[in-house]
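Next up, some structures in structure tokens.
Here chain A shows up in two complexes: once beside chain B, once beside chain C.
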Partner chain A sequence: MPGPMIGRRTALAASLALPFIRPAFAQQAEPYVMGSLFPMSGPNAEFGEAFTRGAQVAIAHINADNMLRRPVRLQSEDSQALPQPSVIGMNKLINIDRASWVLSSWTATAKAIAPIGDRAKTIMVNGGGVGPDLSGLSPYFWNVIALAHLEVRAIVPFLVNQRNVKRVALIYVDDPLGDAILGQLREQLPLHGATLVGSYSVPRAAQQFGSVVARVRQSRPDAIYIASFGAQQAQIVKGLRDNGVTQIICSFSGFGLDGIRTLPEAEGALFTTQKLDFASSDPITKRFADDFQARFGQAPVTYHANYYNAAYLFGLLARQVEQAGGEVNGETMRAAMLATRKFNLVGGEGEFDELGNMLTQLQVNEIRGQRVIAVG
Partner chain B sequence: MTAFLINLATLAAISGILASTLNFIVGYAGIFSVAHAVFFGLGAYGGAQVALLLVPNPFLACLVAAVIAGGLSLCLALPALRVRGEYFVAASLGLQMVAATLFAELKPLTGGIGGLVGIPRPELFGMVVPVLPLALVALALILWATARLQRGAFGRTLQSIRDADTAAEALGKNVNAAKTLAVAFACAGAGIAGALYALHLSFINVESFTLDQSIQIMAMVIIGGAGTLWGPLVGAVMLLSLPAVISFIPFIPPTEVGAVQQIIYGSAMTLLMIFRPAGLLGDMSKGKSTS
Partner chain C sequence: MLFLQLLLNGLQTGAIYALTAAGFALIFGATKIFHVAHGIAFTIAGYVFLFAWRADWPSWLGVLASIAAAMLFGIVMERLVYRPIQRHEGSFFTVFVAAFGVSIVVQNIIGMIAGRGFATVDTPLSFSAEILPEIFVAPMLWIALATAAVLFVALTLFLTRHPAGVALRALAQNPDLIRTYGLSSNGLSVLAFAIGSALAAPAAIVTAMTTGLNEAIGHHVMLISIAATIVGGIGSLRGAALAGMMLGIAESLALTVVDTQWAEAVSFLVLFGFIIFRPAGIFGVTQTR
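Up next, the complex of A and B:
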């Protein structure tokens, strides 16, 4: 006798109901939901994966330490680094998942979600985008990464004093990040006795740089600063080296990814990040570095630490709110942040200004033998 | 849940306008444009500037957007009069590339790659109004106008041009005027969609008006059923809501969420085209391979 048969319509109905089963489980455990809106597909997916890993370690620590009365769950949405998917994802995180804390990256995503988060009083934390226009997007939009104009101020004296650089050429994407770096190089280089000998704008989607490299060579620079983002950075580095440019290549914290570190052509490249010594004895930094290595089998880089800090900050603020007997939401956590300002995070103490920007010390790194070494 | 669905419905209505207007030139006139996002963008920037500089009145924003996009549709109509088929696809591709570059470079008007932020929400009589009802009204009007035009002499002229433009001309049809008017109508509609998009998101930049967006709109038309009234709308709703539905699948690891969703999404589209080659609402006798 044949057993009960499941018809196609029943199977279809069951599959359609599947998405709604999860909230029932969620209500049982009632975790705090932390959202993430990163590019998880497409050419920038490498960034999204790196950002997520940092946040995962932080959430594991928050839960393991029982920092909060309720566990924390990470809900990831794919922003594709585009405005429309970001808006859809943000609306889901706020209205369906009830996230009061959302990790974000990318300028387009940040600007698209800022009005939504602002209206819903949801904290949005950026640890990847470095365009200066990301400061002050909303009282609820914070940055745990030094913005680009500060990074230029850190690398220029190093180039001039330590590497005897007098002539710098800039290859940049003509966006707020590139504009800010161009403006800073124009201002900072003369202050240290160096000059900007050329600035060459490239379209964001460009993949061939032969003509730009030829013009860079003509300007006879001692160093070439690259202000691009994502996969294009590696293509520019490769384009320069393949065309015989042997001068110093330098950039901002966007270089802090495995895709650049493991690129043979990037050997000797210099880039700035906030000051981080993963070998330090600081207990938070050491725990993060050890657990990250154990969990993912790789040494952490700056982006991992940034999003660890971005996620761990939720634990610190929510605990503060819980201990004061308040309800954990964007408003109460913002009030707690403004009241406290200084937090012990990976890399040491981080201090926030009234706009929600974290102020940190910066360091210059060099890629040597596929390793990132702090050199200044 | 309500706010999430309202946001999705708003974007679906805006996408529905885009797909329906593109369908008007692709499905009825046989003009295969891959530059529809250009006119979407023109309308968005026009509407956003009205809201930022003058007043966030949605009707004024839509009017200005329609005039700008409809007026500049000559950029698309001119090559459409001279070439057809795959040659026009190449011409519209060129237009798309030029426009995307201009959107990125004309910073005083478009904000460059950084875009325009802080676009005020639409207001009527001093009150903030949601975009959804406005988008639904605009969509209904465009569908109504499409249906009227399609059933009338103008629609028959367009379909005769699509099937054999030389024959249509030989029979005394003014092919150039018909093509120009069809393109102007479609582009003005895309402009209205752009203005509503800008008012809804409060932020726009060039990344919403690239070739990828044009292809996405074309996919909505093809998947829904080109040359049908309701097909593009169904295609728009499906392409927009499917990724949102997939995002509810609970067991995907956070670091794999994008890849898994894209695989499911792409597979669903491929299967759909295998089993419904003429689109969801298209004529089943069309589209299948005869080999």
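Up next, the complex of A and C:
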């Protein structure tokens, strides 16, 4: 007796439907894609490497703890710290990789990608750019780093009261970050009885600073604030010291990288960061610090923690959405963030305001013997 | 006093620009290859010296290793990239894109090996002392100027007195004639790449000691070299060297009248000025149609 026959039409229909059926089954195990737009090449690649390391540890923790029903995968795009490659990378992350969470950095690039993320309702989390206008850039753009206006407000009273600084000169890169810090110093210094005696903008690609330093020296400052990033900020520090400037050098959280910490000319430099104690007994902080050290053979710095938090927050919010039976996307995660506001992250409890800015305390650090010491 | 300080700073920057521009001009003049990867020879030379310094090699050995590495890169580019392209009658654009691609690949390899951050050779030679009120000068200024002067004299003697140097100049003017005399244009082309790339090494070493290195430093060097070659007159070695020095000084002295942000733009304003008013450059020959 013949068994059930499968007709040719049925077989053809089944084979045509196969490509559509397989992804539907596979979707259960398909990872969530978390995008990153960091400078992975060029003079600012040191930042990209640091940012990525922080995110990698967070994703390893999310996956190891089975926090979510699907694993998380990091998809990196090279922003080169420039707006145009960032826009291309952001479009790819959203339209091809279907990322609903993108880690962003750099003020100028963040401003370039924000409208794209906003349209696609993709969450963008910044842990590196500090331009004040990154606050409220989009309902889907959040910051886990203190922005420049807060950093300047923290260091100015310290310089005036603790280091007796009355005259400050600024060397700043010609971009939104530099302009923002110039504006803040102009506003804050007079409030504390100090003066901005000179402001010297430099192009992003500038590498020779001997002549700029000659101009800075003429303004006779007590302290020089550097608002640049990447290799350029190290070049400026070296240029200042090599050319006879012995006054205090200070900066924002951009100084929190090994390239500056290990630079002999940066000895005594002051810079602000979020208040973070990596030796704390807080379990999340301790786990992060230990695992980071074990994985990369170096002690973590603030940037590593920022991007750990930026990536780990995805795990916390996506878990909340999954548990509520919702679909994990930008809208649902934003709703979860606004409903919860407080999260256990590296450094302790992190609280977000309605604009998506994490509220943090700041500290002033000093580089001493290639170590970063909190001094205020 | 500010003028004198800026002039001294400009001389040091100009010496670096002059050396790299002369190397680029030598290669371009002799082979007509737009060697856009010349900046990478500069980067490689700088990092080789840095590693030799960190490994506590004697300075002279580090300098030799740096020169050798730059020369090797130039020769490899000529033999493995440019010559195969030219064998298939590759256009100027093909050569340009190939060189640009190699630059990006090598830059990333350097970043992977040497790290993505800023690196510098820590030496007291770069520390300035106040020699006059408000005038700070580092020993590196005199070293850079002396090195540039000695190398240009040596190169001029080589190109005018040595048979291989004369043949190189002949190659620049008439490659067919070279073959008629039984000389190998391929061999001379390799020689042009070796010498031109070697000239980048002293500039890279001075840069490693003064402003420091990063994997992407070659781009800027390349831009200035191109500008200097055009301003000096395409194919003119002394023109490129003089223009490199002039651009360095102009960039620095500009700060007496313009904001610091515009210093580097001055180089390109000079370039535009030459393109418009003297397209043949300082020592170039004007061609009429």
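In this text, the second predicted complex is superposed on the first by the 346 of 376 C-alpha atoms of A that agree within 3 Å, B and C clash if a C-alpha of one lies under 4 Å from a C-alpha of the other, contacts with A are read in each partner's own complex, and residues count from 1 in each chain.
In this text, a residue touches a chain if its C-beta (ideal position, glycine included) is under 8 Å from a C-beta of that chain, and two chains touch if they have at least 3 such contacts.
Nothing here was measured: the structure is a model prediction, and the numbers come from that model.
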Practice task
Determine, for the superposed arrangement built on chain A, whether chain B and chain C clash or fit.
Solution key: clash
Exercise for the section: Classify the contacts of A:Ser76 with the two partner chains as first (chain B alone), second (chain C alone), both, or neither. Expected result: first
Handout entry: Which of chain B and chain C A:Ala234 touches, first, second, both or neither
Key = second
Problem - First (chain B), second (chain C), both or neither touched by A:Asp174 - result: both
Practice task
Please work out whether A:Pro264 is in contact with chain B alone, chain C alone, both, or neither, and reply first, second, both or neither.
Solution key: second
Exercise for the section: For A:Val87, decide between first (touching chain B), second (touching chain C), both and neither. Expected result: first
Practice task
State whether A:Pro203 touches chain B only (first), chain C only (second), both chains, or neither.
Solution key: both
Exercise for the section: See if chain A has more residues touched by chain B or by chain C, and give me that chain. Expected result: B
Practice task
Check whether A:Gly42 is in contact with chain B, with chain C, with both or with neither, and answer first, second, both or neither.
Solution key: both
Exercise for the section: Name the contact category of A:Arg371: first (chain B only), second (chain C only), both, or neither. Expected result: neither
Exercise for the section: Please work out whether A:Val212 is in contact with chain B alone, chain C alone, both, or neither, and reply first, second, both or neither. Expected result: second
Problem - Footprint overlap on chain A, where chain B in one structure and chain C in the other make contact - result: 41-42, 45, 48-49, 174, 203
Problem - chain B to chain A touching residues, read off their complex - result: 1-4, 7-8, 11, 101, 104-105, 112-115, 117-118, 201-205, 207-208, 243-245, 247-250, 254-259, 261-262
Completion exercise
chain A residues touching chain C in their complex are 41-43, 45-46, 48-49, 174, 200-203, 205-212, 214-215, 217-218, 230-231, 234-235, 238-239, 241-244, 257-259, 263-264
Problem - Residue numbers on chain C that touch chain A, as the complex places them - result: 2, 5-6, 9-10, 12-13, 104, 107-108, 111, 115-118, 120, 122, 126-130, 134, 136, 138, 210-212, 214-217, 219-220, 251-252, 255, 259-261, 263-265
Handout entry: Footprint of chain B on chain A - complex, ascending
Key = 18-22, 36, 39-42, 45, 48-49, 52-53, 56, 74, 76-78, 80-85, 87-89, 91-92, 94-96, 107-108, 111-112, 114-115, 131, 133, 137, 173-176, 203-204
